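In the two complexes that follow, chain A is the common piece, with chain B as its partner first and chain C second.
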Partner chain A sequence: MSVATATEATIGRGPVSAAKRETAYPGWFLLPAAVIYSVLFLLPTISSLYFSLTRWTLFDATFIGFDNFAQFFREPFLIKGLVNTVIYAVVTSGMKVVLGMALALLLTSRIIARGYLRSVVFFPVLVSTIGVGITFTVLMHPTNGMINEGLALLGVKGPGWLTNPNLALFSVALVDVWKGVGLATVIYIAGLVAIPRDYYEAARIDGATPWQNFWFVTLPLSRPATATVITLSFIGGLRTFDLIWAMTKGGPGFSSDTIASVIYKQYQAGFFGLSTAGNVVLFILIAILVVPLTMLLNRKRGHE
Partner chain B sequence: MTMIKRRALVGLTAGLLAMTGMVGIAYAQTSLTLFSPNDQAAVAYTEAMVAAFEAANPDIKVEIEVGPGGTERDNMVKSRLATGTMNDVFVYNTGSLFQAINPVQSTVDLSSEAYMSTILDSFKQTVTATDGTLHGVPYGQAMGGGVLYNKRIYEELGLSVPKTWDEFMANNAKIKEAGKAPVIQTFGDTWTSQLFFLADYYNIQAVEPDFAAKYTTNEAKYAGNVAAMGGFQKQADVYNAGYLNEDYGAAVLDDGLRMLAQGDGAHYPMLTFAVGTIAQNYPDLLNDVGYFGLPGNDAAKNGTTVWMPTALYISANSPNVEAAKKLVAFVASKEGGCDPWVELNAITGPFLIQGCELPASVPTAVSDLGAYFTAEGQTAPALEFLSPVKGPNLENITVEVGSGIRTPEDAAALYDEDVKKQAQQLGLPGW
Partner chain C sequence: MAGLELRQLRKSYGNVEVIKGVDLNIEHGEFVVFVGPSGCGKSTLLRMIAGLEDISGGELRIGGKVMNHVEPRDRSIAMVFQSYALYPHMTVYENVGFGLKLAKTPKDVRDQKIREAARILQMEHLLDRKPGQLSGGQRQRVAIGRAIVRQPEVFLFDEPLSNLDAALRVDTRMEIAKLHQNLGASMIYVTHDQVEAMVLADKIVVLDGGVVQQVGSPIELYQRPANLFVAGFIGSPKMNLLPVTVEAVSDGKVTISSKDLAATDIAANSSGISAGETVTLGVRPHALQISSSATLVGRVALVERLGNETNVNVELPTGGQLMAVLDGDQPLQIGHGIALGFDSSDAVIFDGEGQARHL
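Up next, the complex of A and B:
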C-alpha cells in the first residue's frame, strides 16, 4: 500500500541524516523515540493524506480521488466559515492588544492591591474554556440571562446575544477576549517593566505630557510585546473551536461557523473522508500563514 | 450457605477460572454491559427492566452505561463499533441512522429468533439490513410527531382541534390576542426545530404516495416541489406572523414542555415521547396536554406522522452473545419490553410487541394519538423510516427557516445539496 512505502521512505531518511550529525548516540538509543514518533505522529499524518482521498465509513474506504476536496470547497458554508474565522481572529487579537495594553498600564502604575488585581486579571485564563462557554451561555440568555436582566433594570432591552445571527459571532469573540486578555496583560506588563527608566526621565526633562510619554516612549518600546500578543492571539483565533462549540455550535443556523466547526460537523455527520480532507486543507492553510510569520518574527529577533 | 461463604466460593471459582480457563461452572456469572440512552424515562425503564431481568437470570449481571443522545451518540456508536469496543448490547436509532452503522457486519443477526414473529412488521422494516436480515428489537413504544397543545387554553378560548393549516393559523391569531404564545419553539436544543419539517411527511405522502421511493433513488427533490416544501413553509408562516415565544432562540426542550404544561404557550410541535417528561415534572398538568397531527391543506386527508422507537442491538464483537441474546429476548417479551413502561406510567404511544396492551388510563396526548392508529390510513411513518437519506444539516437549516434567516425556497435547495453527501456516503444507486 502507498501509505506503508511512504512511511518507510520517510523513516529511512530521518535517522541516517541524524546519525551523521550526532555520533554521540548509538542508533538503538534513538529507536524508542523514533518508534513513538512514527506510530503516533508520522503514520496518522500520512494515512490521513490517504483517507482524505477516499469515501470512508470507518468500516471500509473506497478510493474516490480528489472528490472530497472538490466537495469540501463546494461546501456552502466554507466561505462563510473562512470569513468568520478571519473576522474572529482579527477582532479578538485587536481587542486583546488594546485592552491588554490599557490594563497593563493600569497595573504597572502605583495603585492599591496591585498584586491582587494582577492575579484577578489572569484568573479567567486558568478556567476551562468549556466551563466559561457554558457560564456565559447562561448569562447571555435573551430573557432570563443576568446580562439582559441587568440591562432591563436600566430600562434597556438587551439583544439576543447568541440568538441574533448578526451578533452571535461577536458575542463569542467578546467572551474570548474576557478569557484571554489576562495573558496579553501579563505579556505587556513584562514588556512595560523592561523599558528603561532613562527614557521617561529624558522625556520629563523635555517637558513631555503623559499622552506624549505614552505615544512616543511606551508604545514604540513595547513593540516586541505587541508582536507576541498579536501572534499568539491571532493563531489562537484562527484555530478556535472549543468556545464556539460550547456557546453556539456554529449557530443560530450557520451564522457563527468557523473552519474548525465546519470540519467537525462533517466528522459528526459520518463523512469521515470529507472531514479528513477538510483537516488536510486546514493544515495547509495554517502552514501557509504561520511559516512566513515565524520567519518574519525570527528575522526581527535578529535585529534587536 | 451464608453470604460470606458464598462470596468466597465465587471468588475461588473466579480464581480457578482465571488459572485454568474453564467455563461453565455453576457459580460463574456472565457480565454484560448495556449502552443505554440518557433521557429520563428511558433511564428509569432501563433500570427497572435490568432489575427484572437479573432476578429472572441470576447468572447474568448487566451493567448499565448511560450514553449521550443526538449526534454525540452517533459519533460514539460509530467509533465504538468500528474499533471493536462497543458494549455487548446497545440502544440506537432505527431507520436511516441504523443503515449508517453498517449493521450486517457490526451487529448480530436476529432473524431466526422465535420472538421475531411477535414483533409488528411496521417496526421490523426499520431494523432490516440491506441483505434482508433483522438486527434489533423495539426499545420503547411508537410515537407520534405532530403538535402537542394545551387543552385548557383551547377550552378557555372555545377553540377546536384544527384539521387544516388555515384553521391552525386562525386558532393562533386568537391565542395571540389572548396574550399567550401561540407556537412554542426551542432552538436551544437544535433538533427540536425539525418537527415542522419532519412531521409534515404525512401531508406529503397524502399528495405524493411514492415520494419516499423516488426520493431514495434521486428522482424526487424538495426544491420547487410545493407539497414537499410544506414543512419549511409552515415554519416560515408562524415566524412571519410573530407567533413564537419570545425566547425561542435560546429555550430548550424542558423550557418548551414547561411553557406548554403551564399554559404559557398553546402549541408545541414535538414527538409524543416528551409526554413522559411532562408526566415526571408536572404530573398534575399531564391531562391538560393533548395531541393532533400537523395539519395539511385538505381536511379530508387529515392524519399524523409516526416514529418508531429506538432498538436494542447486540454488537458483533460481543464475547457473550448467548447471554446477550437472553437479554434481547427478554426485552422482546411482554414482561421485559412492555410491563416496566406500564409500571412507570411512561406511556407515549402503542407498543410494537404482540400481546402488549396499553393500560386503561393513559395520558390524554397518548389517547389522542391512539385515535389516529384506530382509524384506517390516518398514520404514516416518518420519511427517515422509509428512506435511508437524511441530511445531517437539517436541524441547522430548520433553525434558520424558523428564525427568519432563510426563505423556504432557499432552504429546500440547500437541503437537497445536504442529502446528496449522505446518499453518496451510503453508496446508494442513482446519486
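Up next, the complex of A and C:
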C-alpha cells in the first residue's frame, strides 16, 4: 500500500522531488553512524572472514585457504555440536512459544494480582545468565541438589540432570526456557490484548467453545507475536553459549556441546583461525535456518 | 414464528443504571429501529437481546421462550457488528461458513448455504478473497452473509452503515431493506441516524437516557411526537420549538401568542393547561410557508437554495431563530423581512413537562 502511494507521489511530483526526498538529511549526517558501523561491525565481519582463512596467532597470520574449515569439520565433536545446537534451538523456542502463549492467556484473563504475576514471570529475564546457570547447577546436583531431594521426598529417584549424557542438554534447555519465557509471555500479552473484542463476540454468537475460540481466533490473530517469539528465541537458541558454559561446559564428554561452546574451546586452545572459521560456520548456519524461517513466518497475508 | 417481548428490561453496571425498564413488543417479521443519541443505551439494549450483555432485571422472550440466561448461539439470532468483525485470516467463504463449521454442519450442506447466501448478496465472485482485499461495502455484505447462513429468526444490526461513505450508505440501506422483504425475518437495527431510522423501520423505538421515549411508525413519530425529545430528534431539519404563552383555553383548543407570534388557535388536549402558562409550540420547518395572513414575521438571516427547495433561517424580533423549508426556489435576500404562516393543524403544543398535547 505504502509502496503504491510513494510511486504515485513520485510520478506526481517528478523525479527532482523524489531525489530530494531520498536525501532528506545531508550526507555528512550519516558519517558518525557510518564510522561506528564500519569500525565496530563491518570491519570485524570482513576481517573475521579473512582470518578464518589463515593460521592466526594474534600477532601473525598465514594464509592457508580453506584448511581451517576442513579442520573444523573434521573435529570429532563438531557434528555432535551442530546437532545439539539445532535440537537446543528447536526445543527452547518451541517450549517458549507454547508456555509463553499459555502464560499470556492466563495473565490476560481476569485473575487476582494480575499485574504482580506479570512482573514475576518477567523477573528471570532480568537475572544474569551466569547467576542462573550456577544456581541451577547447584539445584540440579544429582545427590545434594534441591530438585532431587524434593523428588526423593515423594519417593522418586531423580535423574542426574547434568551428569546424564542423554539428559544434560535438555536440562540446560529447560533452564533456558525458565529464564526466557518471561519475554515470550510479554510479547504474547501485547499480541493478545491487541485482538479486537468483536471477534470473540462474533464467535460467541456463532457458538464457539473456549477451545474453538483459541484455535480459530486467538491463535491465528496472535501470529505476529508468534513470529516474533519464534524468531527471537530460535536465534537465541542457535547462538547459545553462556548458560551451557556455566552449567556443563559442554559435558559430560561432548554431550551438551553446541557450536558456540566448540568454538570457544578452540579459542581457549589458541586456535584462533580455526575458531574464527567456526564463527563463520555459525553465522552461515543461522542465516540458512533463520532467513527462510522469518520469510515463512512473516509471509504476506491477505489483510495486509 | 419468533416475535420478541421485552418486559421491564434493566441493565446496570454497579450503581449506574443504563437501561431503565424497557417494555417492547416486536412482531415476527417486523423491522424495528432503535434510535437515539450517543450513550442512550440503544447498543446496550441490542447486546442484551444478543446475549452479549447480562440482563440485570426484567424478562426477554424470543418466540415466547424466556431467553435471559440462554447462550447467544441458542437464541436463534445473528448479529452484524459495526466493525463487521470479519476474521482477517479467513477467506470470505470461510468467514461466511464459520458459524456452520463450529456447529459441525456437514460440508456439502455448508457449501450449499454459503453459496446461497453469496447469491442473495451478489458476492459469489468474492468468495476466495480475504477481507483485506474488499472494499467497505463488500465487507459489509460479507458480514450480512455471515448472519444469513445462520438462518436466524432475528437479525441484529449494530450501526452497520456507520463505516461507509455517504453514497454507499444510501445503497446499502436499500439493500438491507430489500433483504428484509426477501427474508421476512425480524430485524432489529441500531442507529443514531434518524434518516436511516425513518426510511428502514416498520417501527421506531426512540431511546434517551436508557428510557423508551416513544415507539411508533416513522410517520407517527414525525407527525405525532410524544414529547420534546422525540420532536427534536426525529425530522430533518429539526422542528422549530418556540416558547409561547397561553391566552385562552377551551375544550380541544388552546389559544397562544408571544411577542413574535400573533394570537393563534391550536387544536390540542387542553386538560390541565390554564391561561397565562408558558408552553412550547412545535412547528416543522416544512410546515412554514410564505403567507400574506402571516403569524410570524422576521428577518432573513441565511438562505440555502437547493433548487427544489429553499432553506431559510429567520431571525425573529425577540432574537429567536426559526428554520423554514420553502417549496421551490425562492430568491430571498439576506436582511430582508419575511412573513411566514402555518396551518394550525400542523402545529403541536408541548406542556410544561415537555409532553405533547395531541388531540
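Couple of notes before you dig in:
Going forward, the second predicted complex is superposed on the first by the 245 of 304 C-alpha atoms of A that agree within 3 Å, B and C clash if a C-alpha of one lies under 4 Å from a C-alpha of the other, contacts with A are read in each partner's own complex, and residues count from 1 in each chain.
By definition in this document, a contact is a pair of C-beta atoms (placed from the backbone, for glycine too) under 8 Å apart; a residue touches a chain by one contact, two chains touch by 3 or more.
None of the values given here were measured: they were computed from a predicted structure.
For the composite obtained by superposing both complexes on chain A, the positions of chain B and chain C are free of clash and fit together. In the superposition on chain A, A:239 contacts neither chain B nor chain C. Of the two partner chains placed around the shared chain by superposition, chain B is the only one that A:55 touches, whereas chain C remains out of contact.
After overlaying the two complexes on the shared chain, residue contacts for A:269 are found with chain B alone; chain C is out of touch.
With both structures placed on the common chain, the touch criterion links A:80 to neither chain B nor chain C.
Counting the residues of chain A touched by each of chain B and chain C gives the higher count for B.
In the superposed pair of complexes, A:251 makes contact with chain B only, with no contact to chain C.
In the superposition on chain A, A:217 contacts chain C only, with no contact to chain B.
In the superposition on chain A, A:207 contacts chain C only, with no contact to chain B.
Smallest inter-chain Cα distance, chain B versus chain C, after superposition on the shared chain: 51 Å. Contact residues of chain A toward chain C in the complex are 196, 198-199, 201-209, 212, 216-217, 220-221, 223, 301-304. Within the complex formed with chain B, the chain A residues making contact are 55, 57-59, 62, 71, 76, 141-144, 160, 162-165, 249-255, 265, 267-271, 274.
Within the complex formed with chain A, the chain B residues making contact are 71, 74-75, 78-79, 81-82, 100, 102, 105-106, 187, 190, 246-250, 392-393, 396-397, 399-400, 403, 405-406, 414, 417, 421-422, 424-425, 427. On the chain C side of its complex with chain A, the touching residues are 50-52, 71-74, 77-79, 81, 83, 85, 87-89, 91, 98-99, 102-103, 129-133, 146, 150.
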